[in-house]
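Each chain carries a letter (A, B and C) given by its place in the written order, and its residues are counted from 1.
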Amino acid sequence: MTAFLVTMGIYFFIDLILVLSANLQLGLMGMANLGFVLFLGIGAYAATVFSIGPEPANSLQQYFFGVALPFPLPIILAIVCGMIGGLIVGLVSLYRMRGHYLAIITLAILTICSTLVEGYPKFLGGSNGLTGIKQPLASLTSSYNGYQLIFLGLSAVLCLAAFLFCQRFIHSPLGRMAKAVRENESAVTTLGINPFRVRLLATVCGGGMAALSGALLAEYVTAWGIAPWSFTEIFPATAAMIIGGRGNNWGVALGTFMTYVVVGEGLPFLPGISADPELGYAIQWIIYGVALVAFLWFRPSGLLPERKGRWKHAPEFVPAMVSAPSDLPAAATIAEQVAQEGVHASDQ
Amino acid sequence: MSLFIESTGFGIVVASILSIAAVGFTLQWGVTNILNLAYVDFMILTAYLDYSLTQVAGLDFWLSAILSVLAVGGLSVAFNHFLIQPFVRRGIKFFYLLIIAFATGTVLQYVIQSIWGSTFFNISVGGNQSYDLGGMLLTESQLIIIGMALVVMFSLHMLLTRTDFGRSMRAVAINPVLAQCSGIRTAVVLNATWFLTGVLCGISGLVLAFNTATFDVNTGTVYIAQILAAVVLGGIGSPYGAMLAALIIGLISEWASAFINPFFNVVVALIVLVGVLLFRPEGLLRSLTTSSGGGTS
Amino acid sequence: MPVTSDAILEADGVSCAFGGVQAVDHASLKIDRGTITGLIGPNGAGKSTLVNIISGHTKAQEGKIVFAGHETTGIPAYQVARRGLIRTFQLSSEFPNMTLLENMLVAPRQMGTGFWNAMFRKSVWNRQEYELLDKARHLLVEFGLYKLADEYAGNLSGGQKRLLEIARALMADPTMLVLDEPMAGVAGVLIDRLVDHILELNRSGLTFLVIEHDLEVVDRLCENVYVMAQGSVLAYGSMSDLRQNESVLEAYLD
């Protein structure tokens, strides 16, 4: 039982990093970067290639390049590759593409990459994928359960780092600027803000984070292929973000828990489903779809909506320090102004 | 050289299938302003329905074909009427509509899988007898497919230009408010358009399955790339653009597949798509409508 | 002692066409520092397009724009804004899912918007944040919007949104404000408030260019007015002068 919980925890942390990265691009910035799972794939392949060493002469798998770097280099390099991927995709698509077009172009880039990988097996293993990925920190213990706990700790720490990163991003003036770009792009240009820079930044950061998620996933499962970063994987991540609350990192965590853990891992335990895993799988996706539509209809802001900006430790506001009283109407105190405003506020 | 002519023949077959699919898709996008990512899943559903009607229920080939196509047409209308329009009336962000369509497609895939299982199926038309047409080796099946495409294109052209419905459809695509003011019942036209495009979707699904040795739930998934390429290249909302673009993409894909790498038919379509988006997003031909979905401001 | 007012904004022979329609046709104007100038004309005269060109949102095909002594032709809109020229739009452009205070705080140049600063140097921008917050709150009080400081901007009435837009623009320390139909959709009482605010701000040195249809408002606000019709500038002068001008009357009656 504990082993199961540990595994669930690991998957939760890994998936949360991915959904946080989606939240940064789709939630905070409101960009239709639907192809974000590409960065998951980039990170996973990067971590693989930087840890399994050169292609052995007699092995069944083929890849174009490999080094055996020790932990934590594969993970760090994976993040860098993800950021570069985000930069390239951003430069290509973000300058002019919006809305439907951005969605299509990111999906197209995703599909081009997966088709190239599949079509050139010598590049990254093709549809057979790659196995034998080295696990980080494996040397610390020889016990299976011990290693699970180590990986749990590793993924928890990295997830926490990603979470804090996103919190800082969203709650900083940069995050506020990002929200403004989302809300009204032309208004933001009249205030001297360059929307392209902010979008690109969010895509680069999102790319790095999704790559981290992919790297961890590949290193945990020790195998990687094309399926985990295919079209269909976009769906649960987006559902988690919308159900939990887009733009709110805590919401995203809750949403990830609800979708990936409660439904994803918990469903197979229901009687009738454990007998037929295919049916269970189908029901899981149907639940995701129905929940998504239900939330979009009844509560589009999600379980934990985006919070209003708050300044908890700001010094107290003393309106009497306003400019020379002769310029102002006689009712200079807040109380009187509020009383007056009560009339004006009802103007339509 | 013979490889070139042969692949040209295949290109024409691919173009035939693609043109039916792309015309349906582009009309859905142009008239309703929806990027329907569930389209390919409706396509493949038609193939599954046809399989069950012929193999399981034992119905006549053409009867099953017609029934399954009509069924998908009806499902498309239901999809628009019960799922999409309520959200549109609410003023939902286009992005969420995209997710809804995407989700519907994925759910549909899994529903199909739970009903029919994940084995591969086969439906086919005509025989496997090959005909040599100046170097192009096409089977009877493929010739029938090309014929069907021509019939569909021609009928559609007649519908768009000669009937009131066709004109109403174009009016609604260009300016829904104005269309309504001039007495066109927009809601009816929308539903009728979805039925029509659903039928096109169904037909394209059937011919896709006819041309593929065996099909399963995932056969359609990659196909969306070629449909999008044809639709964007041809100009969103322009059926004639879609037909022309389908021909271009069908030919280029097969040539690339023959001469470079079998996987390249998809990659080529996607490169065309990305290229058009970056350099000429309005496509080859002027579209039916200016509201091509999600542009800036 | 006469005050020599220099031109803060000059548009010279600006032209722009869209799909066969000549929206702006060799239009020129000159705005002096510290003035409130009006820009009026019948629908389709090209006023908004000209303003779009001035603010950098549309590219001119011919002509030159000079703002505060530097040429700004062809410069992207956000850079024009950074030089001190801020404009508003006909449709209210508040950030609807952000509070009024958040709206206000987006505008000024601040330290926490660069990636490195935002992520790793919070102590630096946090102090500035409180200063800006203070300034924003004072402005909201001045504009009578303080009670709604934590409301979502999307929930405001039309007139309140207009006030917010101007208050928000002020946070960016502009030298010139271009207002595109600021009174559109604003109810009677708030029009007076808006007019008072504009006059007040002008007294402290802010230059204004105002596109307006409501000629009474133009009369109260503007010393001089440009009249545009069919893409070019038809006339320039005070409202009383223009009322006698034949070609102006014709343009409006057509």
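Annotations
As a convention for this text, a contact is a pair of C-beta atoms (placed from the backbone, for glycine too) under 8 Å apart; a residue touches a chain by one contact, two chains touch by 3 or more.
Computed from a predicted structure; not experimentally measured.
Using CA-based centroids throughout, the chain positioned farthest away from subunit B is C. The most central chain, judged by the distance from its Cα centroid to the centroid of all protein Cα atoms shown, is A.
If each chain is reduced to the centroid of its CA atoms, subunit A and subunit C end up 38 Å from each other.
In terms of their C-alpha centroids, the spacing between subunit A and subunit B amounts to 32 Å.
Centre-to-centre separation between subunit B and subunit C, using Cα means, comes to 48 Å.
Under the contact definition stated at the top, not a single residue of subunit C touches 2 or more other chains. In subunit A, the residues touching two or more other chains are 186.
Interface residues of subunit C facing subunit A in the complex, by the touch rule stated above, are 55-57, 76-79, 81-82, 86-89, 93-99, 101-103, 105-107, 109-115, 118-119, 122, 125, 129-130, 133-134, 137-138, 141-142, 144-148, 150, 152, 157-160, 168-169, 172, 187, 189-190, 193, 200.
Those residues of subunit A lying in contact with subunit B across their complex are 26, 30, 32, 34, 92, 96-105, 108-109, 111-112, 115-116, 118-120, 185-186, 231-232, 234-235, 238-239, 242, 278-279, 281-283, 285-286, 288-290, 292-293, 296-297, 300. Residues of subunit B touching subunit A in their complex: 35, 83, 86-87, 92, 94-96, 98-100, 102-104, 106-107, 109-111, 113-114, 117-118, 221-222, 225, 228, 232, 261-264, 266-267, 270-271, 273-274, 277-278, 281, 292-297.
Those residues of subunit A that touch subunit C in the shared complex are 165, 168-169, 172-177, 179-180, 183-184, 186-195, 201, 306, 308-309, 311, 314-315, 317, 319, 321-322, 327-328, 334, 337-338, 340-342, 344-345, 347-348.
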